[in-house]
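Order of writing sets the labels: A, B and C. Residues in every chain begin at 1.
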Amino acid sequence: MKQGAPAETSREKSEIKRPVAVRARDLTMDFGDGAPAVDRASFDLETGRFLTILGPSGSGKTTLLRMIAGFQKPTSGEITVNGHAVDATPPHRRSVGMVFQRLALFPHMTAAENVAFPLKMRRYDPRSVPGRVRDFLDLVKLGDYGERRINELSGGQQQRVAIARALVFEPELLLLDEPLAALDRKLREEMQLEFRRIQHELGVTTINVTHDQREALVVSDDIIVMDGGRIQQHARPVELYRMPENTFVAGFLGVSTFVAGTAFPGGLKSGDLHLSGTHAGEIAEGTPVRGAIRAEQIRIVAAPDSLATCDTAFPSRILDVIFEGERLLYVAESDRLPGVAFQVYHHDTEAFDLYEIGAQVTIGWNARDMKIFKSTA
Amino acid sequence: MTSKHTRRGVLRAGMATSGAALLSAMPAGRLLAQEPEKPSEIIVRAWGGEWVDALKAGVSDPFTEMTGIAVRHDLTEDNEIQPKVWAAVAQGRVPPIHINWDTTTNATKSALRGVTEDLSDLSNLANTTELAKPVGLDGYPLINTYGYVYVLAYRPEAFPDGPPTSWRDLLDPRFKGRIALYNDGIGFHFPAQVAGGGSLDDIPDNMEPCWNFVREIKEQNPLLGEDPDFTTWFQNDEIDAACTISTNALGAKRNGVELAWTVPEEGCKFDTDCLWIPKNLPENELYWAKQYINLALSQESQQVWLDGLGLPGVVPGLTPPAGLENDPSYPTKPEDFEHLIRISSAVQVQNESDWFARFKEIMQG
Amino acid sequence: MDALEAALDMIWPRRLARYSGWAMIAPAILLVGILVLGLVQIAEGSLHTLDRSTFLPSEEYTLANYQTIIDSTTYWRVLWRSLLGAGLTVFFTLLLALPYSYIMVRTSSATIRKSLLVVLFLPFFIGQVVRAYGILIVLGTSGAVNDVLGLFGVEPLRLLFNFPAVVFGLVQYMLPFSVLLLAPALTAIPRETETAASSLGANWLQSFWHVVIPMAKPGLVGAGLVVGTLSLTDFAMPAMLGGGSQDFIANAIYDQFFRTADQGLGAALALLLVALGSVIAGVVIAIFGAGTLGMGGRK
């Protein structure tokens, strides 16, 4: 676990500390129907950075976003944007651009009229409006589509209009409420890169909400993982992936196999098997723990000898082989760990049909790759 | 029970009820031999409220008692039944009613159109006054059954100095929006002709005086309505005076509204209502419909029916209802008619539409 | 099952299948056909004048009835009053119905929504005539409104029997119809669109004006059309609240059919009303397009 730390420090040092754009302190939203939707969320977001709030549905991520946008008043806690309390001004006076889940474009207007709308509402000099609208349509590569009506545009083009409309008045903050959720995968991935490009070009502080871990990893400078209304971890994408702070984060990003057991110096004990791993923080011996190992970090071989360099290795049997295109996913089980189905990625392009179902293999990993967390209730 | 009456019963009842000559003009033998089959009911179109109550008590109930034939009252507006009857006769269908209780003017239109049965052979016609005979028509395509006056009805408290003596009294500014007329001006045209300085002899050729007076009245923003409206308006204190048939005023008074009526010096329109039978009825139903009208012309029926309406009938010797003796709305003696204006149905039928249109033109402005 | 299908085959053989669509709309066509037949008869009737010596329609065909209408100042006035009344009714009805349906659709309180619905539907169970009587009582010289005014020392006012009273009655009568026609159009506007407008800098009024009203246009046009044509052809409100001097075309038609027995003139007036209503509806649809009314036309 200590490996990640130096990298983090060096990266921190390499960047100039930027002013904080969004500051949330102990934000709580309790609708009074059971557990709070958002529970004491606190974070800082620096100016110009792209933050993604990632979580499954019902995790409170959209509520958090709506509070930041000022559409929902928090039960308690405070939010400041560039030093000003958010709820001090009504939504239409704030400098926040938002791209909505269903885009919320105005169907009775053309693309250009949609983009000009915020400028008119914010009383921009009418002479400057057409030029500005053109610039932002160009920015989203819709220069020739200004006169089209919304229903004459494709899904991707509508996305771009929505982005241009949210950015044209140069807001202090751009909020994205899962706008890509409805798109097919190819278009979604294209738009993810577009978001990234535009955000870099304008340098606008951005908060994105999604349940798509790939999107979060691709577009973000920072990621907040939420579950059950709480912030589970706030980190850069690499850190988050490499050093999850708890089993939820470990399980939500990537494909991991979990092994329950008791803590043991340098690993965990499950049945009579000692598995090498790295403890997340101080864990006393004998504490119930769960170890998480990512699919790409498990090695799989036919002969036990080849895994001599691994800290842990044991024989297993192939339960299933799943072809995923660029790789194979093996599902393997060991007699000594009944009920644990290890998921193992195999990238060896030369030997795609290496093992068949029922084949006897050996799997193993290094101590630094298995993360061991205290079991939560 | 009434349906168990035998012919003899009818005969006895008929004889017993009066000297009424329901059957007297018919030799008994002929009646017994030829009395046609009775329908289970006959349908009489009537006006609602006190109007139908009076008819039921005076004519329909005695008729049922005597003949065993039930009487159904159809309360369709007189103006609305007219095109239905016309259409039925034109298409050779059986008309929707047996007897129409109608204004003489309206009935004259039907008579001119030739859709009414001749009623000259009714025995009780012998006992009627001149009023029963339609003017300007051959024979009896309809029979007038009573007369009525379009009086000036007023709220006494609005006239503390005594009853209005002239229709011109209504032009007083304090009656702005407080007077009511029929919405086609019916009943008002003739007194207006006099009040406007004209002569009744000029009707219909020169009615400018009438229209001038209507224009003056228009400046008073009169309410325009139909029979039921007047009662409602008096009851709800919307109006102080109205040109309306005395029966409506009497009805409102009987309902507890403080009301009086008068015939101003210019006079009031006097007109009649009548009964008639549409063509195309089956023979037997026509027979019994005629018997109904014949009964309506009997003295007892007239007495009860017209007590209810408070109107003078068409047979001599009727006793005026309480309080209406010598009342201007109940003319019986020749001098009573001095201030009443009677214009022949023929003239009315010919010109009514024009008068109506003219009145509307002024009032809808 | 087979027997059933065989029987069905007997009644409606498969080769007729492509006419099934026509069979489905046959009842509607039949109804429209009866209407057209009636119109043809009315048109025929309008070409005969009334002979007042026999009270029979004339034998020969003539346009005299139409000439009578054109020459008559009364009918022009009645026509103008009907149009003005219908126009004002549409304006005020939509003015009131829009906020009403907006609140009904948008409110987060189930109680408010239910109360608004009940208040809306209650008048539906009370006929037009009874409602007009209610207005007669409430606005009468000795009615509730004048009683209240009396408390402030105001002499009883004549609130009834004039043109504003007729328009008031019509608006009151039409409000539920227009709310029912507007509510679906407003429901179809996603709440998010309004949130978006506000995040883009529009205050509530701007968002209502620039976003809600344009997006509710199909409902507004549809409601306006229904309210307009119903008001234009209304009979009861002018008859009862107009005090006899505020006739609409329908009252004039009634008079000709039922008071002067001049069915030819009545027919001509009726045809004129049909033509007027059709022209107005046609113009509205031409301007806004059938698509606006959700009838699938191209914009």
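Following the convention adopted for this analysis, a contact is a pair of C-beta atoms (placed from the backbone, for glycine too) under 8 Å apart; a residue touches a chain by one contact, two chains touch by 3 or more.
No experiment lies behind these values; they were computed from the predicted model shown.
Contact topology of the protein chains: linear, an open path with no closing contact.
Geometrically, the chain at the heart of the complex, using CA-atom means, is C.
Chain centres here are means of the Cα atoms, and by that rule the chain farthest away from chain B is A.
The geometric centre of chain A is 56 Å away from that of chain C, both derived from CA atoms.
Centre-to-centre spacing of chain B and chain C amounts to 38 Å, using the average Cα coordinate of each chain.
Distance between chain centres (mean CA atoms), chain A to chain B: 92 Å.
In chain B, no residue touches two or more other chains.
The touching residues of chain B, when paired with chain C in their complex, are 77, 79-80, 82-83, 106, 109-110, 112-114, 177, 181, 183-184, 221-225, 232, 236-238, 349-350, 352-353, 356-357, 360-361, 363-365.
Those residues of chain C lying in contact with chain B across their complex are 50, 52-56, 72-74, 77-78, 81, 136-137, 140-143, 158, 160-161, 243-247, 255, 257-263. Interface of chain A with chain C (complex): residues 69, 71, 90-94, 96-98, 100-102, 104-108, 117-118, 121-122, 165-166, 169.
Residues of chain C that touch chain A in their complex: 190, 192-193, 195-203, 206-207, 210-211, 214-215, 217.
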